[in-house]
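Both of the next two complexes hold subunit A, though its partner changes from subunit B to subunit C.
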Partner chain A sequence: MEAFAPFFPLLIWVVPLVLGFVFGQFNEKRHYRSIHEREKTWLHLPATASRYPLLQGRIARSELVGGSVVVSVDYFKRAAAGLRSIVGGPVKSYESLLDRAKREAILRLKESCPGAHEIVNLRLETAPLSKNARGGIGAVEVFAFATAIYMVEPGVA
Partner chain B sequence: MFLSNIETIPGKTITASHGVVSGSTVRAKHVGRDIMAGLKNIVGGELRGYTELLNESRDQAIERMKAQAQQMGANAIVNVRFSTSSVAVGAAEIYVYGTAVTVA
Partner chain C sequence: MTHRPKFQPSLPSRNDNVSDEHPLKDFLAILFRLALLGLLAFFLLGLLVDAVVDRMDASTEASLTRLLAQKAPEIAAPGQGNAREARLQALVDSLRSCAGFTGPATVKLTESTVPNAVVLPGGNIHVFSALLEHVQSENGLAFVLAHEMAHLSHRDHLRALGRGIVLYGLAALLSGDTSALASVLAPVRQLGDANYSRSRESAADARALQVLACRYGHAGGATEFFETLDKGEDIAGSHYFASHPAMRERIAALKTAIAQQGLQTRAVVPLVAPK
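Coming up: the complex of A and B.
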C-alpha cells in the first residue's frame, strides 16, 4: 500500500478524466439521439438566414423568437483539447460540442413558436462565459434568434 | 409592441422612425449555481441554471428596450440585435438594441 502512496496525487487527475470520458460520451450520444428525433418532427418549419420569406401570400403576423443553451465541456474533452493544442489541428471534441449546442438552440427556437410557418433571418450567437478565467467555468452559450412568420393561409412559392 | 430582427415588420408598413433604442442588464450568477456548474464541468452537458439565468436577463433587457420605445411613441422595434459579453468573472452583460418605428 505504501508503495503506491506517491501515485495518489495522480488519482486526482485520473478520476475526473475517466468520469468525464464515460459520462461525457454517454451524454453526447443521448443528446445526439434526441436532436435527430426532434429535428425530424420539425421538418415542416423551414428556417432560413435570408431576410425575406420564401412562402408567398398574406402574412398574418410575425414575432421575434429565440432559443438558447449553455453547454459545458467535460473533463476528458478539455484534456484532449489541451493535448491537441500542442500539435495544432482540428479539435474534434469541441467541434461536436458546439455542433450540438447550435442545433439544440435552433430546436428550442422552433419549439417556442409551434404554429409558425417559416423562420426568417436566423442568427446564431456564441458567447463564452467567463473566458479562460482561472477556476472559471469552461462553458459557452449559444443563442439563436429569428423572426417567425405566421401566414394567413400558407402556400408554397 | 411588434418586434423583428429584419428591416420591416412583415405584412405592415413603417410610417415613422424614432431612432435607436436599447436595453441592457448585467447579471451575476449565484454561488449555488456555480458549485453545481463546477460539478457538471467534469461530466459535461447542459448547465440549466445558466440557461435560465441568461434567458431571464434577456427578457429583462427586452422589457427595458420596449419601455424606451414606448416612451418615444413607437409601436414596433425592427432590426433587433443581441449581444452578450462577460464583463467580469461571474457576471455577464446582455445588451439588446434595435430601431424604434411606428407601423401601420
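Coming up: the complex of A and C.
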C-alpha cells in the first residue's frame, strides 16, 4: 500500500475524471433519448428561420416565444477540451453538448406555445456563463426565440 | 400563384454535427501523444542537463552553490546535538583530502526516525539523527558521509535540480500552471528517474569506497550501514530504499569491488558517543 502512496495526488485528478465521464455520459444518453422522443412529438409544428410562414391562409394572431437552456460541462468534457486546446482541432466533447443545448432550447420554445400552427423567424443565441474565468463553471446558455403563428383555419397549405 | 410543394415535416436521418466516435477515443489519443512527447522532451532535456552539469567549470559551480546556499533551520538543541554535529563536520573535513573535495560541505544534523542522509544544493549534507543509530563504527559513518560527498563532487544535486526545473517547466508549458500538474507528475518522475538515480547511487558508492580505503588504509565498515538496514525492518521514506539499488545488491557490489581492488578489511574504529 505504501508503495502506491506517491500516486495519491494522481487520484485527485483521475477520480473526478472518471466520475465526470460516468455521470456525464449517462446524462447525455438520457438527454438524447428525451430529445429524440419530444422531437417526434413536436414534428407537427414546423419551425423555420424564414420571415414568411409555410402555411397559407388568414393569420389570427402571432406572438413572440422563447425557450432557453443552460448546460454545464462535466469534468471529463472539460479535461478533453483542455487537452484539445493544446493540440488544436475539433472539440468533439463540446459538440454534443451544444447540439443538445440547441435542440433542447427549440423544444422548450415549442412547448411554450402548444396551440401554435407554425414557428417563423427562429433565431438562436449562445452566451457563455463566466467566460474564461479560472475555476468558473463552464456553462453555456442557449436561447431560442421566434414568432409563433396562430391561423384562423389551420391545415390549408 | 407559384406552385409550392406541400410541406412535409420529418426528422433528419442522421446528425452530422456530432461525432459518432467514442468520447474516450479522442481523449486517450491526445493524452497518449502528449505523454509520449513529454517523456521524450524530459529525457532529452535531462541529457542536456547532464551535459551542462558535466561541462560546468568550478567557478560557475561555486557561484551556483553560493546562490543556492540556504540557511538550514537550527533544529538541533544546543549541547549534545551541536556536539554530534561538530563531530560529523570534523569527520567530513577529515575525508576532504582523500575525497579531493575543496568546495563547501556543511553538515546539518536533523532529528528524524528515518535513517538517511541527503545532499541539498549549496553544499549542505543533511544527516538524519536515526542514521547514527544504524552505524556502529566511525568507518561505517565515514562511508555514508563519503557517499554523500561523492554526490556533491559528482554534482548529482545539480542534476536533480536541473531535472526538477525541466519537469516543472514542461508541466507549466502543458498545463499553464505549475502547482497542480507538477505534484501529479512527481511520482511519474520518481519512476522515470529510478533507473537514472540507481546508476548515480552506484557511482557514489564506488567513490565512497575509494575515499574510505584512502582515509583508513582499509575498506572495513564499507557495508556496515547497508547490512544494518538489511537486517532491520523496512523503513519507507529513506532514499537508501527508494532509489538506491536493493540493499543486498549494493552490499554484493561493494564486496566485489573490494575483492577486485585488492582492498583489505581490518578492524574498525568504534564510534564513541560524544559527551
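By definition in this document, the second predicted complex is superposed on the first by the 154 of 157 C-alpha atoms of A that agree within 3 Å, B and C clash if a C-alpha of one lies under 4 Å from a C-alpha of the other, contacts with A are read in each partner's own complex, and residues count from 1 in each chain.
By definition in this document, a contact is a pair of C-beta atoms (placed from the backbone, for glycine too) under 8 Å apart; a residue touches a chain by one contact, two chains touch by 3 or more.
This structure is a prediction, so every number in the text was calculated from the model and none was measured.
In the superposition on chain A, A:G115 contacts neither subunit B nor subunit C. When the two structures are aligned on the shared chain, A:S96 is found in touch with subunit C, with no touch to subunit B.
When both complexes are overlaid on chain A, the residue A:F23 reaches subunit B alone and has no touch with subunit C. Legend: residue contacts after superposition of the two complexes on their common chain; A:L129 is shown touching subunit B, with no touch to subunit C. Look at A:A60: by the touch rule set out above, it reaches subunit B but stays clear of subunit C. Applying the stated contact rule after C-alpha superposition, one finds that A:G88 touches neither subunit B nor subunit C. If you count the residues of subunit A touched by subunit B and by subunit C, you find the higher number for B. Judged by the document's definition of touching, subunit A residues 77 lie at the interface with subunit B and also at the interface with subunit C. Those residues of subunit B that touch subunit A in the shared complex are 2-7, 9-11, 34, 37-38, 40-48, 50-51, 54-55, 58, 80, 82-86, 89-90, 92. Contact residues of subunit C toward subunit A in the complex are 6-7, 9-11, 15, 17-19, 21, 23-24, 26-27, 30-31, 33-34, 174, 180, 183-184, 186-188, 190, 236. Per the touch definition, subunit A reaches subunit B in the complex via residues 16, 19-20, 23-24, 27-28, 31, 51-53, 58-64, 66, 68-75, 77, 97, 104, 120-121, 123, 125, 127-131, 133, 136-139, 141, 143, 145-147, 149. Subunit A meets subunit C in the complex at residues 2, 5-7, 9-10, 12-13, 21, 25, 39-40, 43-44, 46, 54-55, 76-77, 79-80, 83-84, 86-87, 90, 92-93, 95-96, 99, 157.
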